[in-house]
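Below is one structure, written out as structure tokens; the observations come after it.
Each chain gets a letter, A, B, C and D, in the order it is written, and its residues are counted from 1.
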Amino acid sequence: MPLDLAEQSSREQLQTTFISCRKTSLALATRFPVEDWMLQSMPDASPIKWHLAHTSWFYEAFVLEKFKPDYTPFDPSFNFLFNSYYEQIGERHPRPARGMLSRPTAEQVVDYRAHIDRAVSALILDLPEAQFADLADLVQLGCVHEEQHQELLLTDIQHGLFQNPMRPAAFDRESLSGERGAETSETEVARSWRHFDGGLTEVGHKGAGFAFDNEGPHHKIYLAPFYLASHLSTIGDYADFIADGGYSTPTLWLSDGWARVQSENWCAPLYWRREEPGDNWTGFSLFGEAPLEKEAPVWGLSYYEAAAFAEWTGYRLPTEFEWEYASQCAPLTGQFLRGAGFSLPRAGEDVSSRDSGTIPADVHRRYTGLCGMFGSVWQWTASPYVAYPGFRTAAGAVGEYNGKFMSSQMVLRGGSSATPNGHIRRTYRNFFPPHARWQFAGLRLARDV
Amino acid sequence: MPLDLAEQSSREQLQTTFISCRKTSLALATRFPVEDWMLQSMPDASPIKWHLAHTSWFYEAFVLEKFKPDYTPFDPSFNFLFNSYYEQIGERHPRPARGMLSRPTAEQVVDYRAHIDRAVSALILDLPEAQFADLADLVQLGCVHEEQHQELLLTDIQHGLFQNPMRPAAFDRESLSGERGAETSETEVARSWRHFDGGLTEVGHKGAGFAFDNEGPHHKIYLAPFYLASHLSTIGDYADFIADGGYSTPTLWLSDGWARVQSENWCAPLYWRREEPGDNWTGFSLFGEAPLEKEAPVWGLSYYEAAAFAEWTGYRLPTEFEWEYASQCAPLTGQFLRGAGFSLPRAGEDVSSRDSGTIPADVHRRYTGLCGMFGSVWQWTASPYVAYPGFRTAAGAVGEYNGKFMSSQMVLRGGSSATPNGHIRRTYRNFFPPHARWQFAGLRLARDV
Amino acid sequence: MPLDLAEQSSREQLQTTFISCRKTSLALATRFPVEDWMLQSMPDASPIKWHLAHTSWFYEAFVLEKFKPDYTPFDPSFNFLFNSYYEQIGERHPRPARGMLSRPTAEQVVDYRAHIDRAVSALILDLPEAQFADLADLVQLGCVHEEQHQELLLTDIQHGLFQNPMRPAAFDRESLSGERGAETSETEVARSWRHFDGGLTEVGHKGAGFAFDNEGPHHKIYLAPFYLASHLSTIGDYADFIADGGYSTPTLWLSDGWARVQSENWCAPLYWRREEPGDNWTGFSLFGEAPLEKEAPVWGLSYYEAAAFAEWTGYRLPTEFEWEYASQCAPLTGQFLRGAGFSLPRAGEDVSSRDSGTIPADVHRRYTGLCGMFGSVWQWTASPYVAYPGFRTAAGAVGEYNGKFMSSQMVLRGGSSATPNGHIRRTYRNFFPPHARWQFAGLRLARDV
Amino acid sequence: MPLDLAEQSSREQLQTTFISCRKTSLALATRFPVEDWMLQSMPDASPIKWHLAHTSWFYEAFVLEKFKPDYTPFDPSFNFLFNSYYEQIGERHPRPARGMLSRPTAEQVVDYRAHIDRAVSALILDLPEAQFADLADLVQLGCVHEEQHQELLLTDIQHGLFQNPMRPAAFDRESLSGERGAETSETEVARSWRHFDGGLTEVGHKGAGFAFDNEGPHHKIYLAPFYLASHLSTIGDYADFIADGGYSTPTLWLSDGWARVQSENWCAPLYWRREEPGDNWTGFSLFGEAPLEKEAPVWGLSYYEAAAFAEWTGYRLPTEFEWEYASQCAPLTGQFLRGAGFSLPRAGEDVSSRDSGTIPADVHRRYTGLCGMFGSVWQWTASPYVAYPGFRTAAGAVGEYNGKFMSSQMVLRGGSSATPNGHIRRTYRNFFPPHARWQFAGLRLARDV
């Protein structure tokens, strides 16, 4: 019965995806000693151990409780400890105190993960057909959720290790430039402005593939013509901004940004240190502290810094819609942990197959030349993170995933080399508060016509 | 020589406008005893005395220093004391410490005002013709700037008096409902939804009249069809929201808003107090504490509260462009201090002459019925305060007026009864952070088609 | 009937004392414009207007309510607004928000004072004899309480005016050195160490005159022999400490003190400013900003600074008992507002009559030579402020006057030139937290034998 | 050569003491999983790993660097990471960020300890005789220092585990009452007051045994006669205080204490939880959460709570000198970790041999009956922690050990069951700020005659 075969195949495929994603998280975490798993260096960051447990709890709360009526939680206290922000699910351990959870131990969390792996796998393989489509949707959400935490795990532990005056390296230094640098093939393209016509156009997710609720509804907008920079702004560009007094010129900054510069004594990106004597910069990353390479894309910027830099250049940041519109001219290229010495399930995956194929040939011809749009560094846009017209949150706790954060945050686009490939998408909207500095976030300039 | 006459006339007109605006500020201030002039109840609010001095300094810094090369400042220390936020003009007294300025005394500030009045008047009447147009632009900016501070003076002293457990009334209670209530004529219109077609349209200031830089450039946008509520949401509506557990239902709130509800124990608008026993509400305003009238528009809301209320109704806030587009169907009606017992120069002025007259007759016919769009309460919109396409800040310190605040604030439209009539405009963009609760700010609902 | 005459006389005397004290407060306050009356520059300081009202409320709460059963409060809200810290009397307006009380106005507070003056005067003159002794005790407490606030009024407004970058002078500069300087006659005595034998001795108040509860019980202590400096440490001495790196040498400081130095960037006494270029110091006081005189006693020190300075000299601070024991060799000399251009009721009063006359002649002979013990600057001692053996707080709210503050404060002795003469006493214990810097507090060194 | 033998013997004895102390620390630590080693639950507490490393660093800084000129530090960064507060030794990692040190790992710290064990042992056995006495003094200081950290390790991890809503138990619950309870033999003595004559007497350390600098100089004091309670105040006593409204009666509290009650919502000791319904109390300790036993001594109190409780009883806390004077009538009894299931080197040691034998026979006869003076719970005294007359800090960094903390702290006496036996001494002065609640601190009442 071919139907069964197909079904079996789709169940097996889902289980493979699920297990692969789960393994990736653990593979990332086990690169770090257990002591690192405890670190919470600020309220916005979470310990590795918490990421591992929370991404497991997500399946318990949204999948197992729903599809397995007799499900007994692995540990009844975990619903309190590892709920992140789902008010409808109940009270939660306070976020800034996640680092206080020495128990459960790392070993217990690994056991928890194995338990969840088994329980969800069994469900995937055994659930009656009538419910499978619903299950598949939620498992898929669980996977993309876990992938988001994979990137956060890396940004958070990077921030945690940075608190240590010994500046420990998490990974071998073998390939720092490869990790964060622009793609070799792209650097050969000359830096220039790409012209886009704009006009009445459409943005937002449409169609069959997975997308978060905040990527839709697909809707019409009007765009004036604009130029977009062919390349990401570089560490060298940003060093020039600093050398020109960028951090001591209030007129370049948004008022809130300038207040931060002063109250927190910003004088360079968070992870930069000036080597004395001279004017050379060293940067901290998971590879430890190393001289910065001028040609590599700048990252580790807040929106305030990206906007002040743009002001200094005389240009500006693109809106998220300019970026999305222009992105049709760039191939989707996932670069998850490229150069980090990992052999992870989906590292280096070609995600271009996910492309919708709707790029008109002439558009493609005219605009070839946008470099580093995807999978290099997140690109701050000039767009506050708000709902698209017609957006409504989903019913139930899952509706809290994105919508309630639509306040005082800015949209980033494109993905970084720490972004799992499943998140490389033209319509994907990442968002962070304008002062957040610990992400792999840089920028690309735009200008009016 | 008719040209001279015309010139003389425009000079006299400018001087009249200038002096009238200056007198209004002082007339507002002298309603309060000198002790009130010292009050600074939070960093965001300023003392009356500071408002009076700062609005005078503005002419010194932007007009007198520019057009009168030999100008000697009234007091050299005032440039430090009364500069608000103009980085290009120099160091400033820290904002949260404005209440520490017992000196200059009230009398000295009044003298300062008279000095500025004389000096600017002389300039208006005597400046060589070649420079007059420039002068007129800056004097006009000085006037609208001072008018903005007139509203702030009232919102700030209201907040200051509210700190006093005696809840002192600033004005006679004769006409509280008149002050904040909907217009009599409008309440006879039934509450309903007004339909708007949307489509490709244009927004932003265009043409000859004065507008702030942030109201332009005029530009095209695309609007999906929508409905707008015919009336402002009322105190009664909001009391229902509270009675239904609005302040204890996290799913109604933006995440940042819910954090405020919890950390600051919000359980009603800032100025509301529940009368025990029973469920009646009392509200504080410049008229003291009095029972709230259910039919009057609700005001004193933060954006978080306005958005949670809208979520509770099942509808939403309009975007600023939906509001602006729809506003073409409502007459411009300034109501500055209506009912407050003032006889101020421009109270009750008919501002409809400022209307551009571009409303197509059929539009007007179809949409009559929007009540309280202008001069009742400021209406929170769903739009973050960002630059319009093509916006560039002006050169010089004057460029700091608006642009640098385009971060983490929300746009309000329409004006309140404390808004000077010169600020009643379809394209006018007021803006405050989403947690600000001390303004005359309410809302009007919208919904998708 | 001679008895009646005596009674009349003691009643009139009490009324004279009362009215004189009341007038002094108002005479101090009216030196400042009403705007100054509003200033509260930190939670520890109170506005002038509050001092004036609180010292009136004290009579209402402790005298009028008690002796006049039908007494109607001047304003029922004042019991809430002007209670300082008496828990037994009820809820209070929060201390840090005293500066928010623009109402009652200055004029209303002056009316309140006049009302209290009349009501207490009437009580003094008319109360039945049986109750008069009790009344007299409480009126006397009210007077010394008000005198304490007279000094606080001056220290607090000095701190308030210091927040103003214009550094306004409250009094004419005519006699700054006279105000704070050592007494002329004393400066002729050579600076030296005075030896004291110690042994089993007694300290604390005993006898008929007024003293606070915390000055007793009189009790035995054992003192090892010690030396006390003949003079107060001077501004010149302290400038040497600064020049020698006092504020950058952690080993000189108590751990808590060093934490303050770092967190609040202490690099000189609060009111000192270094004149650039060079190494001259300017000091702020109620006379405005003026060059510091090296020979004058240093004041405006915290205990931490006094202790670090003493450590730097190689000596130490005396204990409060060493100070009290040695003080028997110095004449009581009140110097209230000497040189401040005041003609106040009790300025310059000779208080030596209050001396108990118990100084043995030989002791007096041997030890003559202690200068500036009384009425120059408060002298920090090495003694924490704790109860004497056998101390019990009085019943009722009056018991909250002193006892509940016996934690984490240090004792100061001797009185400053802003200390009313009635507070110049050998057993008087002033107390402040070790970080308090805004008092007229300096030091005198001691050393072991 | 008998001298050599003696020397050898004293060297071996020192090495045995040293190694025994080192092993105890590790034995305590290894009771906890590595995750617990990372916990820093407040700035005042330190992670287990940090305690283990810091107590090793102490030997490096004060012993190895001094006696081994060619000594190479185990890791050059440790001097920065593990210096606690010795300013003379150099810059330090900030105290509140000790929990951020995921590296060095637990394993590396254990290696560090082994390295120090070997290096110090070698020095003890091999150092030329001329330097041995100096070495012995410093090694002894290193040992008592490490013992202090053994108690802190336990109080700190108890506080850390308390942050976990799962309330994990560190030790088996087998013997909680034994752990903290009064000694069986003593409970048979009836609770009563013991009378002490006082008079001119002497306090402070004198003689040959080790004592900290702050225990001297030995000096004369005068004590009035007093009574001391025969027993420690119990959990039952304290529960009565709570039931009687102790935490809602401001007049029982010091002003600073009452401010804490209100700002931190104190309503019971830190580790107590009321079992609903009813009025039974549960307490958290290293044995987890368990019902409190009314007869056991109360612990986990701040000074503020101890003082309020004493006020409620109508009695008072003893001064540290009353306590020390009376303690001559109680046998020295170390009870280190009695009942905790440990078999540690010196647990249960009889320390009475350390008694100076100077208790007059008649005194001993008269006063027998003081229970729980040593090794049960620390007893808050009414004495602020200040220097004894003639106290001078030692030269060099070692002088920072005690003296610089003599500000705003209160003295505790007697030792708890978590206090290593070497710290059970009549003259021993423990000290903590009055708000500190996480120590094993209770009280014993006193009263005037």
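One rule holds for everything that comes next: a contact is a pair of C-beta atoms (placed from the backbone, for glycine too) under 8 Å apart; a residue touches a chain by one contact, two chains touch by 3 or more.
From a predicted model like this one, the values you see are computed outputs, not experimental measurements.
Peer 1: Note the shortest touch-path length, in steps, from subunit A to subunit C.
Peer 2: Graph distance in the chain contact network comes out at 2.
Peer 1: Need the most distant chain from subunit C, centre defined as the mean of C-alpha atoms.
Peer 2: Centre of mass proxy via C-alpha means gives A as farthest from subunit C.
Peer 1: Please work out the Cα centroid separation of subunit A and subunit B, and write it as a whole number of Å.
Peer 2: Subunit A and subunit B have C-alpha centres separated by 39 Å.
Peer 1: Suppose each chain is reduced to the average of its Cα coordinates; what separation in Å results between subunit B and subunit D?
Peer 2: Here subunit B and subunit D have centroids separated by 62 Å.
Peer 1: For subunit A versus subunit D, what separation do you get between their C-alpha means, in angstrom?
Peer 2: So the centre of subunit A lies 49 Å away from the centre of subunit D.
Peer 1: Would you give the residues of subunit A that are in contact with at least 2 other chains, written as numbers and ranges?
Peer 2: In subunit A, nothing touches at least two other chains.
Peer 1: For this entry, which pairs of chains touch?
Peer 2: Those chain pairs satisfying the definition are A-B, A-D, B-C, C-D.
Peer 1: Touching subunit B in the complex: which residues of subunit C?
Peer 2: Touch list, subunit C to subunit B: 33-39, 41, 49, 77, 80-81, 93, 97, 99-103, 105-106, 160-161, 163-166, 168.
Peer 1: Touching subunit D in the complex: which residues of subunit C?
Peer 2: Residue list for subunit C touching subunit D: 85, 87-88, 200, 219-222, 224, 250-251, 253-258, 303-304, 382-384, 386-387, 389-390, 399-400, 404-408, 434, 448.
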